[in-house]
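Notes follow the structure.
All chains are identified by letter, namely A, B, C and D, in their written order; residue positions are counted from 1 within each chain.
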Amino acid sequence: MSDQETRQLLVEQLRAFYGRDWVSGTGGGICGPAEDGNLLVAPTGVHKERVHPDDLFVIAVADTSVVLPPANAALRPSECGHIFTLVARERSVRSVVHTHALSAVLAADLARATDHIVIRDLEMLKGIRDLTNQDVHLLPVIDNTAREQDLVAAVAGALSDPRFKSAWGVLVRDHGCYIWGADVWEAKRHTEVYHYLFSALVARSDVGHPSAIQSTS
Amino acid sequence: MSDQETRQLLVEQLRAFYGRDWVSGTGGGICGPAEDGNLLVAPTGVHKERVHPDDLFVIAVADTSVVLPPANAALRPSECGHIFTLVARERSVRSVVHTHALSAVLAADLARATDHIVIRDLEMLKGIRDLTNQDVHLLPVIDNTAREQDLVAAVAGALSDPRFKSAWGVLVRDHGCYIWGADVWEAKRHTEVYHYLFSALVARSDVGHPSAIQSTS
Amino acid sequence: MSDQETRQLLVEQLRAFYGRDWVSGTGGGICGPAEDGNLLVAPTGVHKERVHPDDLFVIAVADTSVVLPPANAALRPSECGHIFTLVARERSVRSVVHTHALSAVLAADLARATDHIVIRDLEMLKGIRDLTNQDVHLLPVIDNTAREQDLVAAVAGALSDPRFKSAWGVLVRDHGCYIWGADVWEAKRHTEVYHYLFSALVARSDVGHPSAIQSTS
Amino acid sequence: MSDQETRQLLVEQLRAFYGRDWVSGTGGGICGPAEDGNLLVAPTGVHKERVHPDDLFVIAVADTSVVLPPANAALRPSECGHIFTLVARERSVRSVVHTHALSAVLAADLARATDHIVIRDLEMLKGIRDLTNQDVHLLPVIDNTAREQDLVAAVAGALSDPRFKSAWGVLVRDHGCYIWGADVWEAKRHTEVYHYLFSALVARSDVGHPSAIQSTS
């Protein structure tokens, strides 16, 4: 896929996510693969449903430096950059989505004092690569920090934790989630699936469904 | 209706269902009548809101074999195929919808250890063919399986159970539902009506409404 | 407004109501003023978001007879006709909306064994003609019947009940609601406002808000 | 930004807010900066999703008088005018949004007998200018009045209360909210963010989340 096609696809996803109230109020972000192996990322602090393909930056996977800025000099690259490149390096993926979806915040609440949520007994688990609907899936939950870049250490910890090796996302308490895939299409699918799973878990927890009971240790 | 019109109508339904979050994350499926008496079915593993009319397969009602593949050789027919053709044979219908709607999952939860839910005291029951708003409607609930095709035996059991002879759908625990109609328009109507009924039952159950109390035996 | 403009406006409202899930599964209906003083009404049993302006009937306010059928001879006039003309005669209005909105069903549930709900302490009451936000507004709730036309007697009873003289609608238990206005624009406004009030009442009832407590006598 | 561009932008916001059910039933309102330093405001009593750019008034920040009426003499300026100009004067902003969102009403309910709600432990607080996600944010809640203009004194009280100096909005019990920003884009962002915060607070309160517990004194 050409950079121009990826740029178009990324802004389409932002508009779609905005329509679901996952990136409202200028929140959230997305990146996808640039042809040179680096990442195309959306700017920060802008209304995500109004991002134009030409507004994206190319940033280096290696060190998050700006390889190619947009023509509009007023734009700054997403504050998620350090997390996006960390995930790209550690998981060999090229598309990461960051949302502030309320369902993600409420799902993270279910973890209480633990460092993860448990998702099981849902067919939609199959929508995450390599999972089956028989899996008891652990998704890491990390604490929020004052600045987005200060989440990097905790994300790195979650990525290196063997309990979470099948996870394609990280929940951030009081904040939202990061979800990734090999390319934009897989990241889109994983994003839709995880948000469905969050809503299902929250709804089942509300009525005391056994599969939604989380460990409290 | 020509195959070309049916293809167009089926992809329109997928887009509409996606808009309601019933087939997100590449989940769900649909089939409709081909002019030769067989079934037009959507491919598996694709973003359902992006299916093109030319992407559909014709599969044989008799044995689920592919009669006519799409030009795009990368596509595979829906994994729901065996269930679609089973329903088509047993109920003499030609359109079946499969969704992962959260309302269907939560409605199936209400069955607990039983094999059905009971829907009553709702005018919208009239939207299902041959039902009245006085009916106490039983909808079968089957257990989920590791692979979609392994649901066939349980669906067949539900279809042959005299308690469920007025049902135009089957709920699959932790998974979603299959809903059918003689043609695409009736399947669409039944799909909308059953999902409304699921939401109503879940909402009434949440507040302890008498009509939402299910048998526990 | 010409009949052609009214026809266009009415099908626009049906599409908008469908988008809110108030008339899904072919449910619901609407009428508006014909230039000859009678009513333009939508056909029954059709997908309401797909009604074409030419599909509407003109029916007589006096006796619900068909004054002008659509060219499409397969269409039948709305089963709400007798209620629409009753309301038109008794309240001197020319636009009535019928929805199956789940919020209307759940609001009617709050009436329990009584024949009305009480709505108060909400600014949006001002959106109903002649009401203030200080009003304690009584909306009648009638029992559902096997056939839509059998609701006529109970609707007539509600319309003649002095307790409900300020009501611009009637809730039907397990079914939905009828809401009216002098013209299509007022009926649209009243429909939006009452559905907001239903949702507010249900949400407040769920958390035990004092203003949502209904009399149980 | 030219007046013509601002007019266009304001009606776009009204359509978007209507799509979220924040200004249904002709409720709600918005204003933005006129080039002469005054305010462009939407008319009252009209369907907000149908306002045309030419329908807006220019009103004076100093005394709310009409500086420039629309050509359509049937239109009257928003009843929010006195509040809009008060906020514009006291906070040196030029865009104020008024919604009847149910989430705002339900969030105001959480204040019970107190004069504010407390929002904390949410990343989205950063979407409000000058706030951090570490803040314990107090948003004033005032009582509703029979007429919109009678809210002015209570809004003025909230604006001058040092506890609320970081607030970019006011909740009105049983009614909705006023939210502002320096310009239309900031008011839009603040409106989306506060409504997200309202929904989060209500959802967390429903399940007894510690951060949603409000003071009761």
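Convention: contacts are C-beta pairs under 8 Å (C-beta built on N, C-alpha and C of every residue); 3 or more make two chains touch, one makes a residue touch a chain.
Bear in mind that the values here come from a model prediction, so they are computed numbers and not experimental data.
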Rotation, 0 to 180 degrees and nearest 5, that superposes chain A on copy chain B via CA atoms: 90
Interface residue identity across copies chain B, chain C - same or different by half: different
Relative to chain C, chain with the most remote C-alpha centre: A
Chain centre separation in whole Å, for chain C relative to chain B (CA means): 31
Chain centre separation (chain B, chain D; CA means) in Å: 44
Residue numbers of chain D (touch at least two other chains): 206
Each pair of chains that touches, named by its two labels: A-B, A-D, B-C, C-D
In the complex, chain C residues that touch chain B: 21, 24-27, 47, 100, 102, 105-106, 109, 144, 146, 172, 174-176, 205-206
Chain C contact footprint on chain B (complex, rising order): 121-124, 127, 132-134, 185, 188-190, 192-193, 196, 199-200, 203-204, 206-207, 209, 211
